[in-house]
Structures are given as structure tokens and as C-alpha cells.
């Protein structure tokens, strides 16, 4: 690991690393990533480095390949080219659940909760690998299992409480309001004890006050759990306020990278993305 | 020469499987249901043909027409009464209902025709062709079956490719909701599919019993399962796939019986199926669909 | 809220156990009072066997959402293993009950191992393809069992898959003889053991459903991609459920095998698999008590209708179709509820008339 980080400093990075994270191993290091869907290149030459406690954003017009990038990072798709390193480990050929164990967790653009289960059970599914107990032990409900299960319930309640969801713990996830479901997905992802969490449009469908609340919560997640956050979002107010670094993609390629200030002034971005909106307005 | 003869026998039984599989594949592709009663429609078709020839003494061509007519009607009735009310609910519910229909047909046949086997007289009256001094015999049944399977396959390909109803079928199989929004009558299209599938089953039944002349209420079930396997083999939903799967299955079955082991032919056939599915999860000619995230 | 949910779960489980215990006690009482005919007594063990099979298949089909059409194959493996083990241990183990338990464990173990081996390739497939491959494996297992020869002689135990390779010494005795199946089996299965089997199956399945594994299984069924994204190894879970289900089916099979003096491999065919599936679907997917009741009722129903001779299977088929239509079809449900409302309406009118007076 150490050797790796030394090597890291020598190679030119494409980093979004915060100053304070410079000497540490990046949690996510993506090099020259690309995927083709039957001749169509959806993502190409995607490079990014994210530090341990960084909040960064991924923006771009609809269909730019943002969610595809998240799917690549979590091994839902296997890349055609390039490599992804999570905490220094190459995820090549790994399945989604293995990649999660390396320390990457995510939410989904079109919410994917376990709708028939209670909110609490949703979080406890996230805690599954934390409940360390052999199969036969849990199958016969032996005392060590019951202990671990009780601990998991406590932990799940703590996490729900952290996002202000303790009240809805017993309710069916599918019956919760949209904004609550989005936050529950974040809690479930946090339960897997990740070192980086990917949020796919966390503010979609939220009203302005919920969005403001979400901004505080995103910062609080970073400060409490000391993890990196990488988010896709169309709400520019949220992105510009919360993110410390932003990457802009269009047609599957990065067209700009930098601080919110730099992005705001980048002519390529204005042309491809923000410019169009200004033109409309 | 022995191997050639086995190959011909394999193709012959394979062609029967292919016709049944074509029916299966149409129904699965469009209605998205495993119609386990399909094999029993085959049996009904064979019985009808048997009765028309033996009791009414009419020529075999009339018996085939009668079998096709009765089975088409039967297919439409079964679909309308048992499957249509369950459309859009759990696919398992439809599967169980199909099993109920299969039980019903088998037991009804047993009541009507009794469980003792009937000796089916082949509908083909052509003399066998002897080649290479009688070392290689091609019976009329083989020629008729193979020709019929090719005609059916080409017919279906043209039908689904060129006609309005055929195009509607393809649209329904691709995306039922979108097809409905485009003004296609989904229910009617599915009924038509069942009618076609059942008509094919009647043809298959007559040809099956011409090749293997014992007719019982359970005659259809094993060939039904085999043909279903063949449809999966070739890629379920694909018309050339069903043809290819049927022929291959017939050849594998005959060759494994001849050269490997008679007792284990079932095990061999199904093992090949499993291996194919592991290598090509959507079958030989099937399309692989990736789940959208 | 949470404890309430927990209580509700334990309560339905408790009801399930109590129903089974009550049914057992009732049957024992009837039996001791001589109220059961010998043919009725003959149903007791198979009913227990089919209940266990339905419950174990429900774990796979109802809880995990994996359609399996080869359950009878595991039952068959268990049955023949059980018969062989019981015969081999005849002199070594004194008590019949102990021998029966050992035979059942052996049957379960063999079926479980087979389930594991089959699961490695099969569980890579999904949905209808999984169903087809389990069907294929069921047929393969039936085919292999139907061609297995086993026997004991002075030198010990022999097994082969063809007559020519099977050579028994002087005084040797065949336990299984290929297509003829097992003959001369000592019937050591008892209703009490059937009851124990059902209780054990329920205990394993209900505990599994209510454990972290059960939660993960439900999560996988609900949303596979989301489950994977939080670190659930989907394949491993399907495998666990598959093996447990096969194990339980094997145990039930062993009990079944030791309940008859002879049996052939053709008993464990596709139709038997389908029958068990019918029990599960009619009892309700994932509803364990439902499986228990529907297996018992649907097993006894055709047997009880034996008097109707040829018509009984037709009636069974019609009942099956109608039940499916009434429980699943939205149209039928509407029709029923409309009729219900009308009847209620009539009563309400009467009441109103009554109150006006």
C-alpha cells in the first residue's frame, strides 16, 4: 500500500484530490476507463482520482454517460478498457458484491429499495456482512447469532437516526415518500461501511427545503464517517455548494475538471452544458 | 453406412421435435408463458386423425385437416378460458394453470379413448426409398416429416416477417405495453399465436404417430418436454432456433442411443442441453438481453 | 413498531407449529380409537413427506423466487440412498428408529451434496432457464437412479450402473436392481418420524426465513442489483437455499422410500416435481403454513376421490384450474367481489328497511 502511494505521487494524476488528502492513498483511482456497447462508445478515456474525505461531483447533460460510469465503478458493467482501483485494489473482473466489500457503496437514480421490507430491514440488509456468524449458527438461531442480530438492529437504528429516519424504521420502504426513500437508500449504502459512497441524483424529486437539508446531511456524512462522496446531480445549486471538485462529462468523455469556481467559468462547460441553460433563460 | 442411417432417423424424429418446438417457441416468444399443455394438444391431434381415418374411413389428408381444425379450435378455447384471465399476473400462476389443462386433456383423452394404446396407421403411403443396395432406407415418413418441418419454418418466417398479423406478433413479443399503445390488439394477437401453435401441434401429432405408431393419452407429454428442450436449445423465441434445436436434439438422441448407451439417452440429451445453456445462456440462436440499471 | 413486527412473525410461526402438532395429536387419537381404515393409515406417512417437500420447495420458489422443476429428483436421490443405508445398517444398528434417522440424514446429505454440485452450473441461470435446467437435472437424476444397481454380499456393499458390472457373491442380495427399482424394502417409516420430519423442516425453513440469510434472500428477490450493491453475494445465497432445500427433500425422500416395500425411479419424475410445485403455488408463495395445508389437502383429495374412478383426475384438473383462476385472475376477483357487494347490498337494504320501520 505504501509503495503504491509513493508510486502514485510520481505518475501524473488526473486528480480531483483535495490538498489535505494529497499524501494519502486515493480511495478511488480510475484510469483510462471506457466501455463500448456493441460498437457504440458510451464512456471513453475517463480518468479520475478521489481522495479519502473528498466530496466531488459528476455533472453533464442527459445521456452523457454519468450513470454508466457509476455502473462501471460498481462492476454492474465490466469495462472494455482501463482500470478502476478502489483503495489501491484493481476491481477487474470482480462482481458487484465483491467491489462493495472493497469499500464502494452506491444509491440508484431510479430508487432501488427492497420495497416489501421495513426501512429497518433495508438497512439491516446493508449490515449483512457486518453480522459475522456462520450459516448454521444463523440458521438455528444460536445465541451468538441472536447477539449479533441485536447489535445490528442497534447499529441500523443509529444510522437511521443519523439521517433523521428513526421514526419510519418500522414502515414498509415502498410506502415512504420519495425524499425519504432517497435518504433511506443513502443509509443502506452507509451501512456497508464504505470508504466512498456514490450518490446517483440524490436530490431528484426533492423539494427545495429537502434539498437544503440533504446538503447539510452530505457534509455531515463526510465529517462523521470520514468517507469520500462522489455524486451525480442536476441541481446546480447543490453541486456548486457541496462539492469541492467537479468533473464534467459529455458524450462519455471528461470535458472539464476543477473547483466549482473553475467549472463555472470553463468555456467548454458553458458551451456544452451550462451555456445551453443560459441560452434558454 | 450405419451412421448415415442413424443420422437420417435422427433428422426424422428431430423434424417432429422441430414442428412442436416451433409451436412452443411462438407461444413463449409472444405470450411469455411455458405452455406445458402443448404436448397434450399434440396427442389430441393424433387421436382426431386416428378417429377420422379408422372410424369414418376418410382419406388421410382429410384426417389431417380435421386434426388441424379441432386443435386450432382447442387452442383458442384453452387460451380464452384458462390463460387469458390470468394475463399480466404471476407467470407461475399461468404455468400451474397450463399444468391443470395438461392433466385435463390427458384424463379426458383417457375417458374418451381409454388408456390402452392404439395402433396408429401412418398417413404416408409412399414406398421407402432404398439406397446403396438397401443399406440405407429412407421411409416416406422421413421425407414427409422433414419437408413439413421446412415448409412450416419458412412459412412462419415469412408470416412473422411479412404479414400484418405477423408483424403485430413480433411487436407484442418485443414489448407488450408499447405494442398496445401503438394500437395493436394484444389479446387477439396472442389468441392467433395460440391458434397457430395448436395447428402446428396437430400436424406434429399426426407426423409423430406416423413415425412412432403407438398412441396413448400420455403420448404427447415426453415429446412435448423434448421439443420444449429443443426450443430452449435453439434459443427460445427464435424460429430458426427451434428448427435447429429440434433437428440437433433428434440427432443427439438417436446417436447417443446407438453409440453410447440406450439406458442413458435421456441423461445424455439433457446434459447436452445444460452444457449448451451454460456456454450460451440464451440458447444457440437466442438474443442475450442485458438488464438495465 | 419493530417489536410488534417481530411478534407478528413469531406468532404466525407459532401458529404453523401448533397446527402441525394439533393435526398430529388428532391423527394419533383417531388412530388409537381405531377410526382410521388401513388405507387411511397408509396416507399418514406420505402426507408428512409431501408437506416437507412442499415446505422445502417453497423456500426455493416462494421465498427465493427461483422456479425449480426438479424437486422430485432430490427426493429420489434421498429415497434410494435411504433405502440402501437402511439395508446396509440392518445388522450394525439395532433400533429401527435409529436406523431410520440415520437413513434420512444420509438421504438428506446425498441430496444436499447433489444439490451443491448441480447448483454450481445451474445457479448461473435465471428465471425460466433455471426452471428448464432443473427440469433437465430432475430427468437426469431419474435416469441415473433408474439404472443403478446396488447390493450386499459377504464381502460388503457393491454398486454399479450396469448389470454386467454388478457381481454379487454367494448369498448376495440386491437392494436396488436398475429399472426394477428397490425391492424387498423393509418398511420402517413411521408416522411419528413423519411428524418429526415435518417439524424439523418447518424449524429449518422458518428459522432461515427469519434470519439474516432470509432477509438477504428476500432482498435478492426484491431487487437483485440493489442487493448486490450492498455486498450480498447473490449466487452464494441462491446456492445456500438450493442446498438446504435439496437436503430437506432428500430427507423426505428417504422416509418415503422406507414406507413402501418396493419402488421404481419413475416415481420421481417430472409429474411428481410438478405436483409438489402445485402444492406450493396453491398454498401461497412464501406462505409456509399455506404449503403445509395445501400439501395435506391436495394429497388426500385425489386419494379420497378414488371412488370416482376415471373421473377423479379430471375433477382434480378442473378444480386446479378454477382455483388458479379464482385466486389470481383480476377479472374473476372482481366478479367475486361484485357478487359479494350485491349480496351485502341486499342485506344492507333489508337492514335499512328494518331500521326505517
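Each chain carries a letter (A, B and C) given by its place in the written order, and its residues are counted from 1.
The rule we apply is simple: a contact is a pair of C-beta atoms (placed from the backbone, for glycine too) under 8 Å apart; a residue touches a chain by one contact, two chains touch by 3 or more.
Treat the numbers as computed from the prediction; the structure is a model and nothing was measured.
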Chain whose averaged C-alpha position falls nearest the assembly-wide average: C
Farthest chain relative to chain B (centres taken as mean CA coordinates): A
Separation of chain A from chain C, taking each centre as the mean of its C-alpha atoms, in whole Å: 44
Between chain A and chain B, centroid-to-centroid distance (C-alpha), Å: 50
Chain B and chain C, separation of their C-alpha mean positions in angstrom: 31
Per-residue multi-chain contacts in chain C, two or more chains: 225
Multi-chain contact sites of chain A, meaning residues that touch two or more partners: 76, 108
Sites on chain B at which at least two other chains make contact: 293
Contact footprint of chain C on chain B as seen in their complex: 34, 36, 82, 85-86, 88-93, 95-97, 99-101, 103-104, 106-108, 110-111, 225, 228-229, 232, 236, 263-264, 266-267, 270-271, 273-274, 277-278, 281, 291, 293
Parts of chain C lying in touch with chain B, wherever the complex brings them together: 61, 67, 121-122, 124-125, 128-129, 131-133, 135-137, 139-140, 142-144, 146-147, 162, 178-179, 225, 270, 274, 277-278, 281-282, 285, 310-311, 313-314, 316-318, 320-321, 324-325, 327-332
In the complex, chain C residues that touch chain A: 1-2, 4-5, 204, 207-208, 210-213, 215-216, 218-219, 222-223, 225-234, 240, 244
Sites on chain A touched by chain C in the complex: 74, 76, 95-98, 100-101, 105-106, 108, 112-118, 120-122, 124-126, 128-129, 131, 133, 135, 138-141, 145, 149, 152-153, 169-171, 188-189, 191-192
